[in-house]
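Input: a single structure, listed below in structure tokens.
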Amino acid sequence: MHPERREPAYLFTEKQVADKSETARRFLDTRTRLNVNVEHADNFLVKRFYNLDHNAYMEGSLPAKYKELMGLVASACLRCDDCISYHVIQAYRLGVTRPEQEEALSIALIVGGSIVVPHQRRAYELLTELYG
Amino acid sequence: MHPERREPAYLFTEKQVADKSETARRFLDTRTRLNVNVEHADNFLVKRFYNLDHNAYMEGSLPAKYKELMGLVASACLRCDDCISYHVIQAYRLGVTRPEQEEALSIALIVGGSIVVPHQRRAYELLTELYG
Amino acid sequence: MHPERREPAYLFTEKQVADKSETARRFLDTRTRLNVNVEHADNFLVKRFYNLDHNAYMEGSLPAKYKELMGLVASACLRCDDCISYHVIQAYRLGVTRPEQEEALSIALIVGGSIVVPHQRRAYELLTELYG
Amino acid sequence: MHPERREPAYLFTEKQVADKSETARRFLDTRTRLNVNVEHADNFLVKRFYNLDHNAYMEGSLPAKYKELMGLVASACLRCDDCISYHVIQAYRLGVTRPEQEEALSIALIVGGSIVVPHQRRAYELLTELYG
Amino acid sequence: MHPERREPAYLFTEKQVADKSETARRFLDTRTRLNVNVEHADNFLVKRFYNLDHNAYMEGSLPAKYKELMGLVASACLRCDDCISYHVIQAYRLGVTRPEQEEALSIALIVGGSIVVPHQRRAYELLTELYG
Amino acid sequence: MHPERREPAYLFTEKQVADKSETARRFLDTRTRLNVNVEHADNFLVKRFYNLDHNAYMEGSLPAKYKELMGLVASACLRCDDCISYHVIQAYRLGVTRPEQEEALSIALIVGGSIVVPHQRRAYELLTELYG
């Protein structure tokens, strides 16, 4: 009943995203640097959690692009700028259009309220850098 | 660039959902009863907000069924049982399958953590009543 | 610069509120019963915190009625039904009108988003019982 | 029953606030810059939400100055620095005194707990810049 | 560097806890009933997450009893009654005393604020049933 | 039944911590600077709250080192970087080992979900600076 999970096919690499957007580059560089340190710690539970997290967004019953947008909505509602940047970038890499990203962010705005507005403002800056 | 928003085509009425699931019936009946009281208050801002909320889930760049699942992910991350019931029911009415609902709930579980577990348990009970 | 804090003058007792509203009565009775148990535990930090909490809502630079509405807005944004009931009742006891309560709840709705809606629905039921 | 909503009368412009406080200036400049980008996107739901948000803080049954303090309490409880800065500035522009701002922040501290402390520290810095 | 994780040694079974406390029995019975339904769904990600969740509370560098109290503090701060009941019961089964449980709950109260109070009241009722 | 609360015995001063970690130094310096301003405001409720907050982490039924880790778990679940830094430093000063800190952070990760990941990454950087 549950289809096989499989890796999604990305249209762009992280490097291509970083070349388009300075905001994305800063986020990706910081994340890479901090993750090297986390990996070096080699914590069993953290590694297991990261693996589970990776699995949750693979192609399955739901297309990966919509899963990334679900991650974006969750991140915006819970107001995590890093998480928002991550899922905007992932969705972009999977071919999600700007209007689709905006609609997902609008759901987060309605569900989460005006407290989401400052995060949405910053997300829109990233959208403009990525989509022009 | 933004397509026209339009009402989605539901496969089932709320009454049909209530006939399948006792949990859904209780939720829908309470919601209807309390909404009558809210409507009677006739508050300008509340009515405007409800209208905006309705608009956010219409067919647009994103199919309505994925928007309802985004609402579900947001509701589960923010841990609102009523909101979870509402979006599970709406998604069901739009033809979303059980594996699709489960995948959305799994994203909420990974993003929101074990604090989501009790809400997911109750959501699975509703899923079983609806999908058997 | 800071005026003396002093107890506000209530227009109604908790008993009068309970006589008007069944929802208020159930909340007040449960709260009283559970508080007897907490008091019996006689925990130093809990008693100190309760005292501080009591102080925060006294008449001061801000009139107590607006402080209770601030507590209401905070409670609705953080989505705590018991806290909402408490502050609606306290505001009522201080002579706050229904339109004033509704405006405070609307600020919570805009700041906190649709996730506040189910709590607002229940709050409106309490408002109708109290104000008719 | 509900009075007409109307624009509040500000005692100070945003420019006057920015001239008094470097923290306020940085916040207002960034907000203006990012909002230009959001406006350019011309998203229907976002514009509607901003309009609703604006309406919620107008003079009504409750004086605008207390509404801004309610927005401040909500922002501090939900721990959004940008939102806190915004409402501190708006309240200042409406003639709210420093003791009144501090009392609102204390309610947020008691309701929201020590997790509010770092935000309160930053808010006090802004208060000192504005009120001396 | 990280010691082996291993199952903690419980002093009491869940059944013994249920026999002491009606509140615990209701929680445990509902949880068991709903978990049967979740297990029947046999969702890969859910099973993996439950396994990870189980691992996080095993004896390790930190004694299991303090880990359960950390879970209790997290649950109270995030205001999840089911999670609070679960960790109070687990801590009780591991020999945690009532004063230790109260101190953990007081940390949650200070970090999380008065919004934690209604949950703490209900937790104290469970404590009284368990410890007399 | 409740033992006397008493100040814990620190193995390291804040200055020694700042000398080991640049991240800790920046946090401690900013906190000191902002706290001078808060103290100058001399707000009754704030001072009372700070005092209560201080009391909650003293040696009592629970050893202070586990209380600091409980504060860490709460801070990570509620996603407050300043609070995380504070409790990591306090725990370090009380002789908590790196594996103990990591286990506490893993509980926060499981309870709070992937939204905790960016905060955990930054916490691990601080851990590496402190413990090498």
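When the chains are written out, they are named A, B, C, D, E and F in that same order, and each has its own residue count from 1.
We adopt the following convention: contacts are C-beta pairs under 8 Å (C-beta built on N, C-alpha and C of every residue); 3 or more make two chains touch, one makes a residue touch a chain.
Please read these numbers as outputs of a predicted model, since none were measured by experiment.
Annotation of chain C and chain D: jointly contacted by A, B, E, F, touch as defined at the top.
Compared with chain B, the chain whose C-alpha mean position is the greatest distance off is F. One rotation lays the C-alpha atoms of chain B on chain E, and its angle is 120 degrees to the nearest 5.
When the interfaces A-B and D-E are ranked by how many C-beta pairs touch across them, A-B comes first. Chain centres computed from CA atoms place A at the largest separation from chain C.
Once the centre of each chain is set as its mean CA position, chain C and chain F turn out to be 32 Å apart. The mean-CA centres of chain B and chain F are about 39 angstrom from one another, to the nearest whole unit.
Among the residues of chain E, those in touch with two or more other chains are 2, 43, 45, 49, 52-53, 56, 74-75, 77-78, 83, 102, 106, 109-112, 114-115.
If each chain is drawn as a node and touching chains are joined, the picture has every node linked to every other. Touching chain D in their complex are the following residues of chain B: 2, 5, 43-45, 48-49, 52, 55-56.
Chain D contributes residues 79, 102, 106, 109-110, 114-115, 117-118, 120-122, 124-125, 127-128 to its touches with chain F in the complex. In the complex of the two chains, the chain A residues touching chain B come out as 1-3, 52-53, 56-57, 60-62, 66-67, 69-71, 73-75, 77-78, 83, 97-100, 102-104, 106-108, 110-112. Note for the complex: chain E touches chain D at residues 77, 109-116.
Put simply, chain C touches chain E in their complex at residues 31, 34-35, 37-38, 40-41, 43, 45-46, 49-50, 53, 74-75, 78, 80, 82-83.
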